[in-house]
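So, here's a batch of structures to check.
In the two complexes below, subunit A is the common chain; its partner is subunit B in one and subunit C in the other.
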Partner chain A sequence: MTREELIQSLKKIVEPYVQDQEAFQNLSEETDFINDLKINSANLVDVILDVEDEFDIEIDNDAMEKMLSVKAALDIIESKLSS
Partner chain B sequence: MEPRVVITGMGVVAPNATDLTSFLKAIRNGESGIEFHQNLKDLNFSCCIGGIPDISEEHKRRYFSDLELRGFDSSGILYGVIAGMDAWNDAGLSSANDEVDYDTGMVFGTGTSGVDKFRDAVYKLDEGKVKRLGSTAVIQTMASGVTAYLGGKLGLGNQVTTNSSACTTGTEALLMGFDRIKSGKATRMLVGSCSDHGPYIWGGFDAMRVMTYKHNDSPEAASRPMSETASGFVPGSGAGALVLETLESALNRGATIYAEVLGGNVNSGGQRKGGTMTAPNSEAVQRCISDALKEAGVTPKQIDAINGHLTATTKDPVEIENWTKALQRKGDDFPYINSLKSHVGHCLAAAGSIECVATVLQLKHQFLFPNRNCEDVHPEISKQINPNQIVTESKSLSLSHIAKASFGFGDVNGCIIFKSYNS
Partner chain C sequence: MIGNDVVDLHLAQSQSNWERKGFLEKIFTKNEQRLIHTSNQSHQLVWRLWTMKESVYKVVVQQEKERFFNPQKFECHIESDSFGHVVFNGEIYKTFTEQNEDYIYSTTSKANQTCFYQLGSMENRINTMSKRLGLQKSEISVRKDSLGIPNVYHSGQRITKSMSITNHGRFEALQFEIL
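== the complex of A and B ==
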């Protein structure tokens, strides 16, 4: 899966949790889940569960703590998929 | 001087109607909300009937965002939020701003919360999948879940809490809100209660054999308060909500006033003198009613009607006896009496608040709703009161004071005196 395809999948996953639609329209690798998309911090665990389901991977606690931006999420997903 | 407290808004989600206007029509017409439920039969319940409010997906979406509905499985919170927001809007109050209303609080009770959600969580936990609970398990299963949802939607900044006292819950919630306003700590309180539906909330009662198993083929005839053939209660669910506020506040904002809360009382029989975990101490019940009258400053003679607890078990004649003793009125002199449980069953933690809404509607619209299924009055009741005082057909009349009582497991009691309001 290319980086761009991963972004598209991730966009679909985070969409229901997004509280700032404008930031969502302009989503890039630099986008932060909480500060930009205004996702409720409690919902981050739900985003991660949805990522696990979508890519059939398991995200451990250490990886989860880092998954605060699109870039971090993509890096973690890529590394899990390749391992 | 202590402020007077009036009711300026109401909302209800009941087995026979899911908004206030249809509820008024339903209770006037004596419409039953009790139906047969195949899932109860499949699970080997003795009582396979119950009262479940009919809420469509579209209805839900008017109160909850798509995000809130992801993984949402708490029927009590669903009913509570709908009833609470309806009461708020009915009172002409708005919630569409970023301000916190520090003068308004909430007491909204429940028995347990999100029992279906909890069941799902337990299965996941036992499979070792604790992470799969996500963020939604806690907020839907904590007892105060309903107040947490409502408080956020309405921006309430005074005390926001959940009470729990079994089948007295809703009646107690109203009195707790009333006390908070009386003490000057709040101007306005949203009060009410809710209860989940379904096998996981009703199962324990089925096991106790306190629900009727004789009417699985005649659901609408099953809930028979004060009838000789009453054979146990029918389980229900839903929510009722009322906005209480000072008379001054209500008048200042030109709100519709449904009725006045004169006062009331909650107590416990201490599980002594005949009282047990599941049966009331009659002395305490009578005392609760007498003290409610005292606090309200009314005499027993002033009570025009009673909205009873009257669950349709064999204990109904004992409740009547307690009323006759507390009011020192019997025979022809006994007030009119009815029980909403004949329409909607016993809505457990939601019963008190739904029945308070029905009681207040009676005062506002000057009528008494019919008690269904009481064509054969229990002889132990007709010995004590003239059976004509049991309202069996919708009746228009002039009403000033109605007493509403609820009694619950743990030997707890609550009684409220409502008065019609005339400007």
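== the complex of A and C ==
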């Protein structure tokens, strides 16, 4: 899967939890889940569980700790998929 | 340092399904999970523990100047309906919780510090602060730094040592300590 395809899958996953639609329209790798998309921090857990289901990977606590932005999420998904 | 967190219990019911597979395991330690599973008020307890963790996290971010997402690192201990403490990296942070059927609000401060707080239904932030501080509304503003940490500024000068803002659904709360 290309980086662009990963972004599109991730966009679908986060959409139900987004509270700032404008930031969502302009989503890029630099987008922050909490500061930009205003995702409720409890819903960040849902994003992580959805990512695990979608890509059939396990995100441990060390990886989860960094998962605050689109870029960090993509890096984690890519590294789990390749291992 | 100050940290606070509020959860609107009605909104939480529709916004988060904590009974979803894997949800509790991501957030809570084994001990906390046991407490939740044996409680007859699980919904209330899930969000009580969550607000305790979040309020302490907000203090830790101000100290370490780095954001992260790892709720399990904050181990909650409940002492009573109001009092508790959270252990993070071997340090103990005392917490105070206010709860009723509408909301749960937790706050922590590492030392005995004076602060003001306002918990209300979406009351305008600046109004609240201008009243508390006795300053003109037009002269005060709240600015967040790149970590999302807020502070109050008066005529461009920072006047708070620490501040924490939380809002969820119908509720907003803020606490601050003057420099």
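The definition used in the following text is that the second predicted complex is superposed on the first by the 83 of 83 C-alpha atoms of A that agree within 3 Å, B and C clash if a C-alpha of one lies under 4 Å from a C-alpha of the other, contacts with A are read in each partner's own complex, and residues count from 1 in each chain.
Going forward, a residue touches a chain if its C-beta (ideal position, glycine included) is under 8 Å from a C-beta of that chain, and two chains touch if they have at least 3 such contacts.
Note that the structure is a prediction, hence the values are computed from the model and not measured.
By the touch criterion defined above, A:Glu65 reaches subunit C but does not reach subunit B.
Which of subunit B and subunit C touches more residues of subunit A is settled by the count: it is C. Judged by the touch definition given at the top, the superposed model places A:Pro16 against subunit B, while subunit C stays out of reach. Once the two complexes are overlaid on the shared chain, A:Leu74 sits clear of subunit B and of subunit C alike. Looking at the shared chain after the overlay, A:Leu49 reaches both subunit B and subunit C. In the superposed model, A:Ile34 lies in contact with subunit C only, and not with subunit B. Residues 42-43, 45-46, 49 of subunit A contact both subunit B in one complex and subunit C in the other.
Per the touch definition, subunit C reaches subunit A in the complex via residues 12, 15-16, 20-23, 26-27, 50, 54, 67-73, 148, 168. Within the complex formed with subunit A, the residues of subunit B that make contact are 66-67, 70-71, 131-132, 134-136. Subunit A contributes residues 16-17, 42-43, 45-46, 49 to its touches with subunit B in the complex.
By the touch criterion stated above, subunit A contacts subunit C in their complex at residues 34-35, 40-46, 48-49, 52, 61, 64-68.
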